[in-house]
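Mind having a look at this structure? Questions to follow.
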Amino acid sequence: MSEKQTVLEVKNLTVSFYTKAGKLTAVNGINFDLHAGETLAIVGESGCGKSVTSMAIMRLLDEKTSEIAPTSSVKLKGEELTKLSNKEMSKIRGNAISMVFQDSLTSLNPTLTIMSQMVEPFMRHQGMKRKEAEKQAVEMLRKVGIPNPEVRAKQYPHELSGGMRQRVIIAMALSCKPAVLICDEPTTALDVTIQAQVLRMVNDLKKDLDTAVIFITHDMGVVAEMADRVMVMYGGNSVEKGSCYDLFTNPLHPYTKGLLASIPKINDNSRLFTIKGTVPSLKDMLCGADGQE
Amino acid sequence: MKQSKTIVKDAYLRDTIERFTRHKMAVVGLVVLVLEIVLLFLLPVLLGSKPNEITPYFSAAPSAEFPLGTDTTGRDLLARLLYGGQTSLGIGLLAVLVQAIIGIPLGIIAGYYRGTAEVVIMRLADIFNSIPNMCLNLVLVTVFSPSFWTIVMVIGITGWPSFTRLLYSSVLSIREKEYVEAARAIGTKNSTIMIQYILPNALSPALVAFTFGVPSAILSESALSFLGLGIQIPQSTWGNMLNAAQSLAVVATQPWMWIPPGLCILITLISINLFGDGLRDALDPKTKVG
Amino acid sequence: MGRYIVKRLLTAIVAFFGITIITYILASLMPGTPLDMLVQPGSGLSAEEIAEIEHRMGLDQPLIVQYFYWLGNMLQGNFGTSYSQYRPVWDLLMDRIGPTLLLSISSLVIALLIAVPLGTIAGYKAYSGWDYGSTIIAFIGRGAPTFFVALLLIYVFSIQLGWLPASGMYDAGSTGSFTQLVAHMALPCATMVLANIGVFTRQMRNSAVECLSEDYIRTARAKGMSEKTVLFKHMLRNALQPVVTSAGLALPSLVGGSIVIEQIFAWPGMGTLMLRSIQGRDYPTIMGITVLISVVVLVGNVLLDILYRLLDPRIGDKA
């Protein structure tokens, strides 16, 4: 594993939000490394801080309402991202590190054609002229398996199906062959069959481009299919880390056990396991309960 | 049963008031408005103002005797300002009441029955909306010679479509609610459904429309009166007091004749609008109307 | 799109007939008949001669026949003859419509040109000084009566400072140059801009705030787009849609408000003609102006609706 280059190093990542109830910590000292060509799955329930983690790495959180603690460090190929200015960071986003979001309909601009959204990364990050960028965009659309890419590119997002839109978004994110791709529940809104296609496609492209992938999900089935390593988050903390195999065969943390037990099994008629209690509110976590009592 | 209903009502009222008071500017608007109304009705009594009495002082500048000066015929401008305010506010409120009386039933009928009623009423509202209100007001005051009540009716008749549109769109969603369907299922008469089930639930938007209607009615009245086609002298309104300023000489040399009524209109309209914004957010924190 | 335009034009035509009917009903309610205007008392005409004139003018026909008579004439550009100026109403209207449109359209455009950037900044920097500043401007704009604003502007800029003329379109007795026109337009235009800018700015601000929280803005940022691109390419077009709608809603009050403003600034447009006609009980002119102003509003609304469709490809499809 160590022969592969480390592309992303996250150390002590802590993110807080300013709210009326005071300053609340949503992500509390997360650490992980990511190697080229590797997939790390971050799992946990909604509200556990997995999306905030990815948004913080991308520096997409609203700076007026949130804060990445000064002790945090996010290094992309050795370059510290948390200290960059917004302008410098914007040159890295979509270029060396990109992100795919959950809802494909709202994630594309409804008033712009697919083409005019597809050419943007090429023109911004690779200094291409419009003509050249258009050629590349069509190529990219073909690569993610969109039939008739020349025709589709001229259409608006609402004229495409959900699966196709998600392919467009993935194509856009991969345009500049990023070192790291963050997928935030990219398939949750899709049908199961489409979901499988999209996942397979992400896997193929990843191998192709040797991209490291952070895969955020709450679906343990997806984890088993996609991930090399897994990090389990609960209440803003990372409660367990390990290889995918270890985690499924020998979960250590009680929350992870609960998470695995809640996967429905085909040959099992027993009742569905539920994790007791609700996700702790940030307000209740000011003094670090982490589900271990 | 009855008791629990009142408790729910009280809680709703309390929440509404709480949401309203959180809007600091809305509270300011309300306070200014209340203060203004008290002054408009109390001061004339205390001062023994005589708005129509002609004194020998023509176009006099403000003095101890006449704090706001006198007009070109020698009438006390403070007295005229106070009585004029009563008239302007009165016309504003009554005209919107007329708009509501015409507009609310039409909106409910159009939204509840749909079909032909909807097409006819909403088309009519569209047509009325494409003739500028000012234009229609002017034509109407030519037809009916201007007086307090004709002005109220004229502004009432030209302004109803805003109520109709608002009520129509909220009734469209209310009529799909389960309690309305349930009432229909047990064979309740349409008129009963409209009055007992739909109207009470459409009251919030109606109240908001009412609040925002008042400033625009006051504006219409003062514009007409300013042009000399509204309330006629000797009765005063803020608008016809500004009529004096149609002469450039008055604008240039006798600012006391036109600045106070203008400021009064400005302050009144701003405070009603502020109040309306607060009311809208307090009554229905989700929707943004107007 | 083509089908939509046809459909929209058809509804506009229905509205046009509605407007003519309302105008005609109102005119028929007006005191005095056209006959009284033409045949002064003591003109020495016999009852038969009066009946003859009445017949020739179609005044002995039922109201509905008279309406179609009037409508038919009007559609051919014959709006009748002005009672007070003894000229065809059509000619009067054509003299006056230019200045009115010039004033209204330039005010609308200027108001939007100021409100759109101002509202965008206010929305982008929500809850900042910019935002509060624009809120205050919006509130004053919403509450200020145009005639009072006009008087204040005249007081300050014409009388106290002497910078700008307070009336007319050109200096009296001159042939009129472009610079004169601009100087004369400045104050009436500023009044109309101030009256409308508040609502537009507020609308733009709110829709900018809403748009900026959309997922596609986040996508654009995640792609590394510069803030300039995010704002002008991704946000603006979406955020403009409600502003176009509110510009359409403001159109009648804009044109209606120009009547008062024209009167104050002695602007030789349809507003001043309207007031003069009302004072002179010149019914054919009043009716002509009402119909023409409403047609202007109708056409404006059709154009704005089409613009709205152009801004949003999603609706364009369904029409």
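Just so it is clear, A, B and C label the chains in written order, and each chain counts residues from 1 on its own.
Throughout what follows, contacts are C-beta pairs under 8 Å (C-beta built on N, C-alpha and C of every residue); 3 or more make two chains touch, one makes a residue touch a chain.
These figures come from a predicted structure and were not determined experimentally.
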item	value
Result of counting contacting C-beta pairs for A-C and B-C, higher pair	B-C
Chain of greatest Cα-centre distance to chain C	A
Between chain C and chain A, distance of the C-alpha-averaged centres to the nearest whole Å	52
Between chain C and chain B, distance of the C-alpha-averaged centres to the nearest whole Å	23
Overlap residues in chain C, where contacts from two or more other chains coincide	none
Of all residues in chain C, those that touch chain B in their complex	11, 14-15, 18-19, 22-23, 26-27, 29-31, 139-140, 142-148, 151-152, 154-155, 159, 166-167, 206, 252-253, 255-257, 259-260, 263-264, 274-275, 278, 281, 286, 289-290, 293-294, 297-298, 301
Complex contacts: residues of chain B adjacent to chain C	123-124, 126-136, 138-140, 142-143, 215, 219, 222-223, 226-227, 229, 242, 245-246, 248, 251-252, 255, 258, 262, 265-267, 269-270, 273-274, 288
Residues of chain A touching chain C in the complex	58, 60, 86-87, 90-95, 98-99, 101, 103, 106-112, 120-121, 124-125, 156, 158-159, 169, 172-173
Touching residues on chain C, where the partner in the complex is chain A	214-216, 218-227, 229, 233-234, 237-238, 311-314, 317
